[in-house]
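Common to both upcoming complexes is subunit A, partnered first by subunit B, then by subunit C.
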Partner chain A sequence: MNLENRKRELVKEFSPLLEKTTKVSKIWMGILVAIILVGIYAFFLQLFKGHEVTGMRDNVVWGVYIINFIFFVCLSYSGAFISGILHFYNTPWKNSVSRIVEIITVLSLIIGPIFILLCIGRLDRLHYLFLYPRIQSPITWDIIAIMTDLVGCFIYLYLTFIPDLAILRDHSEDAPKWRQKLYKFLAIGYQDTTEQRETLHKITKTMSAMIIALAIVAYSVLAWIFSLTLQPGWNSSIFAPYFIIAGLYSGISVIILAMYLIRKYYNLEHYIRKVHFVSAGIILLILSLLYGYFTFSEYFSRWFSHKIHDTNLLNTLFTRYFWQFVLANYVGVLVPVVILFFKKFRTIKSITFASVIAILGLWLNRYLIVVPTLETPYLPIQDTREEFVHYTATWVEWSLSFAGVAAFILFFILIMKLVPIIPMSGIIDQEREAFNKKGNAKQTITE
Partner chain B sequence: MQRNIFKNTSFTCFLLALLFSFSLVAQETTVDDYKLSFSFKTVKKFDNTRLLEVSFIGKNREDRKDKIPVFDAEIKFFNIANDEEILLGTAKTSNEGVAQLILSEKQKYITDEDGYINLTARFEGSDALDAEEEEILVRDLILELNLEEIDSVKTIFVKAFTLDSLGVKTPVEEVDVIISIEGMLSKMKIKEGTIENGEIEFELLQNIPGDKDKNFTVYAQILDNDEFGDVIQKQTVNWGTFNKINTIDENKLWSEAAPIWMYIVLTILLVGVWANYIYTVYNLFKIKKEGKKLELSQEE
Partner chain C sequence: MENKKTENGSTNRRKFLKLGLMSSVTAVAGASIISNFAADEETKPSGEKMRLLTPDGKIVEVDASNVNKYPEALITPEESRKGIPNRKFVMVIDLAKCKNARKCVEGCQKAHNLDHNEEFMKVQLIQDNPEASPYWLPKPCFHCDEPPCVTVCPTGATFKRDDGIVLVDNDRCIGCKFCITSCPYSARQFNWGHKDKFDDKSQPYSPETSVPAAEGTVMKCDFCPDMLRQGKLPHCASSCPMGVIYFGDKNEDIVTNGEETVRFSKLIEDRGGYRHLEHLGTKPNVYYLPAVNRQFPLERGFNVEEDIIERYKDVPYVQQLKKDGKI
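Up next, the complex of A and B:
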């Protein structure tokens, strides 16, 4: 097996993905940039006019921003978790999804905390969090967890990129000079020697284990921001595992959706196959059952205990938020379960549809965790204006939310222009392993 | 339910508007349903200043719980003697219907031949409300409060006397006095008695809690006396006890410093994770170094 030739072949195969931009993708990128620009305008409006331009008021101080924050951060943690599992256990189908997962992990961990910054009224006092941290506060834990996780995810993503960057450095003679220089710089002299490969493998494996542990800790800390308060609907002992399961549920769904889109628009049917969708679909089925169980358990115990504030909250959920509740907790769980449970429904399109339903359901579930609780405070403010009690997101919040999603997709596309979405080094490793096995078998027969 | 519906200057319009709005609501309430209570009292305070206070309240004739303070009503205070009226000052009633005027200790009063000061409070009326007036006749009383420890017995001496124009002291008789100690929210009564021959003494209880410097304030009060009105005297004394709070919250969830285990767990976690990052970066440098070596050997 001639490794260099094989590497050249792979670069040749994937270089159109890196270097050529189709008209459709240009239009898409233009639309995404336009959405981001509207978001930037909304941001400046909020910056100069204050939070008055949002729907957040005295009672409901957390709105769509915090929901997006939880959603993206959970996505990141679940991405880190799944990616860690894929690498740590050297899962057979990791090659097809691992890079998608890793990019999702890092991007969502960058986009998510930006929403927190949008939610803070006095950004000029942000540095106080670092100057005067209160170590007893879950908010402080979350800041530490997010920063530590972000650095860890960056390192981890970089580690998985190195072998591909080295291949691209050595076989991109036709690429522009800036690209060649960039690959050379980022590949840090990796020559794929046995020693280098072993060192890289060792630290990647350690980092993958670390990333799994970090994801669990960071997930739990995020859940504790809510559950360590005494607020009805938040004060729950199962919130941390509930958040982990919900995060994994949304994470797997976003991965399936990304797999579908990448497969379709980049013609990667050869690498991202139905078997990958079915495997991911089965994981999604297990997670949807677990998520449904946790959701039922959470609301059932609140309903049964019949504490007055919990009852008020449930009344709000079943009146003002009835349809959202049904969509989030019935449709968002049962539709994916039904689709994924029956073998004949497990087609690529239906699995992707189930994952889209799961994503929307999960986002709504987050909304129902945050907003109705804040709308039913322990101390109701008398004679308050309606808009101070009830929350409705304004166009500023929506445009910034969509700008976040657009930025996520745009950066995803841009990263895909830097390195192939299917790790070439992974393909080489697989083929090398197969070759070695074959060689060993031949040797045994000769002997 | 307390509502402020009376106002002096522009309050007729306000009152009418309010009554009109009242009439639109279920119950039709008019000013006639309220009986106005105009009460006046005077307090001679410990610094010899004199407080003149009027409470102006409308009480519902049928519903005793329904009281409405008359606010922003101008009250004039006079010292009257021998048909001569001296305006001492004016004050407007507060939202609670109370008007207060404090007269300095240097204020001179005209007295009648028996030594009584005639103090009058007057509300001159408005379109909606009738004029009100109340007078008080009081004699100027000098109340002295002395605190002494005699043979380890903490004793309170109270002396009360009047002064005539020549400065001759006349001890008072049969005047009730209350001894109290200033608490956090109000004065706590500890003794009471009647002044005979111008004086009385009390033995103070032991182990009365004081502030952080063991100080507490003792009050001698003559209240609602027909002859002297309210007279208050006070003294602060270092006779108290101070119970130190023995348990200081250290390293608790709610204290400034977090519980020790929290620091330990967080440090272990962070050191563990960041040490691994450093180890990873160190290995990346090793890979880079080896790569450079290989590059050099290839060039050679």
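Up next, the complex of A and C:
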């Protein structure tokens, strides 16, 4: 087996993905940039006119922004969690999806915190968080957790990039000069010697274990922002594990969706196969059952014990938010369960459909955790302006939300232009292993 | 070094406590001049002397640089964190006397330069159970002894003082709104947009007055410490024509509504005083006397402007009244 030749082959195979931009993808990128620009306009509008331009008011002080924040940050934590598991246990089919997961992790961890910044009334005083920190505040814990996680995830992502960057450095003679230079710089002299490979493998494995722990801590802290308050809908002891399960649920769904889109638009049917979808689908099935169970426990105990303030909250949920509640907590759980439960339904398209339902349902579930709770405080909302009573997101909030999603997709496309979405080093490692096994088998036979 | 400075400050404080009020500005609280001085370590003697009148009628001469530069005694954000020594402020609201006259709301709005739609004090229409008769409940900030808002603040912009008052320093507030979501009594407001009145710097900002407010920050009822320093009642208590709101010092065990002065402990004991939502464990410093032997029928509370009545339209009792054509 000639490694160098194989590497060259792989670079040749993947270089069109990196260097050629088709017309369709150019149009897509143009649309994404346009959405982001509208978002930037909305941001400046909010910056100069104040939070008046949002739908948030004195009772519902947190709106779509904080929901997006939880959504993206949970997505990131679950990405870290899943990727950590894939690496740590060296899952056999990990190679085709591991890079997708890692990119999702890092990107959502960059975009998530931007949404919390949009919630803050005085961005010019952001540094006060470090000038006058108070360790008692769960927000301070969250800042520490997110920053640690961000650094950890960046290091981890970079570690997994190194072997591929080295391959690209050695084999992309035809690529533009700036690319060659960039690869050379980023590959930090990695030569893929056995020793280097083992060291890198060891570091990556350690990092993957650390990232699982980090993700669990960060998840819990995020849930505590809500559950440590006294509010009827939030003050719940199961919020931390509930958030972990919910995050993983959305995480695996976004991975499936990304797998589907990448497979379709980059013609990677050879690498991302049905087996990947089915395996991810089964994980999604387990998670949807767990998530449904947690959701049920949460609302069931509130309903059964019917403390007056819990009852008020449930009344709000079952009247004003009836359809949202049904969509989030019935459709959003049961449809994926039904699709994934029966073997004959498990096709690539239906699994992707289930994951889309899961993503939308989960986002709506987060909305129902945040907004109705704030609309149903301990003391009934009275003696206040009509427009302060209920919350409806304005176009500013929506356009910034869509800008976040667009930025996520755009950055994803751009990272895919830097390194192949399927790790080449992983393919080589697999082949090397298979070759060695065969070799060993031959040896034993001859012996 | 730090210790030495504090020591200096405290000796100065003792010295100046004897001085009392300044002759030119009679209403100024002595403590503030002193504490301003204590905080301002780098003041150099200017050589210029000022004559001040002490409470016992003596005239003393002090260095001009030691006297507060502001026309009125300004309590800077730093000083406002300390609280008035040896006090433990407490409010008692007699629900039997409230008829939603809304003078407390208006007095508060005027004093804190609030708009018509901004209230630190809200009046709620509460019905404890379906059989109970509804009553008006004036609701200020409860200045809890275990304030959830203070615990969650990431920058210490909201704080609990030794005298029991919970204040917001809007110079420090970053506007994360976590305190608003964690307050179980919905006592806090947010400045969502810019208003011209925020630019009015004729009165320097102090957390004790909450004026001027600032865009993107949180504000709430502050128990009017500026009035307390002058030995006066908070604006809500002094503007209530019914004497609903008693205010006083728990250490002295005395509360007053401006007309009568009573023992706090006896008032609570005799009249069955309670704290709202006691089970939450926040230990409020605002007590309520139950609405028994009412002085006014509840309907008198609807003797207000139409847009105010509209604010209670979601209350089942009000919906019933409207159906019956009574309002």
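Note that in this section the second predicted complex is superposed on the first by the 445 of 447 C-alpha atoms of A that agree within 3 Å, B and C clash if a C-alpha of one lies under 4 Å from a C-alpha of the other, contacts with A are read in each partner's own complex, and residues count from 1 in each chain.
In this section, contacts are C-beta pairs under 8 Å (C-beta built on N, C-alpha and C of every residue); 3 or more make two chains touch, one makes a residue touch a chain.
Keep in mind that this is a model prediction, so the values were computed, not measured.
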Touched partner set for A:R125, first subunit B, second subunit C, both or neither: second
Touched partner set for A:P113, first subunit B, second subunit C, both or neither: neither
Subunit C versus subunit B, contacts on subunit A by residue: C
First, second, both or neither for A:T206, with subunit B first and subunit C second: first
Partner chain(s) touched by A:P423 [first = subunit B, second = subunit C, both, neither]: neither
Which of subunit B and subunit C A:G63 touches, first, second, both or neither: neither
Touching partner for A:Q136 - first (subunit B), second (subunit C), both, neither: both
Contacts of A:G84 with subunit B and subunit C, given as first, second, both or neither: neither
Residues on subunit A lying within both footprints (that of subunit B and that of subunit C): 134, 136
Contact set on subunit A toward subunit C in their complex: 49-52, 54, 56-59, 61-62, 119-122, 125-126, 128-129, 131-134, 136-140, 143, 225, 228-231, 374, 377-386, 389
Subunit B to subunit A touching residues, read off their complex: 253-254, 258-259, 262-263, 266, 269-270, 273-274, 276-277, 279-281, 283-284, 286-292, 294-295
Parts of subunit A lying in touch with subunit B, wherever the complex brings them together: 134-136, 141, 144, 148, 151-152, 155, 159, 162, 188-191, 193, 195-196, 199-200, 202-203, 206-207, 210, 214, 217
List of subunit C residues in touch with subunit A within their complex: 117, 119, 122-126, 139, 148, 151-157, 172-178, 180-182, 184-186, 188-194, 215-217, 276-277, 280, 282, 308, 310-312, 314-315
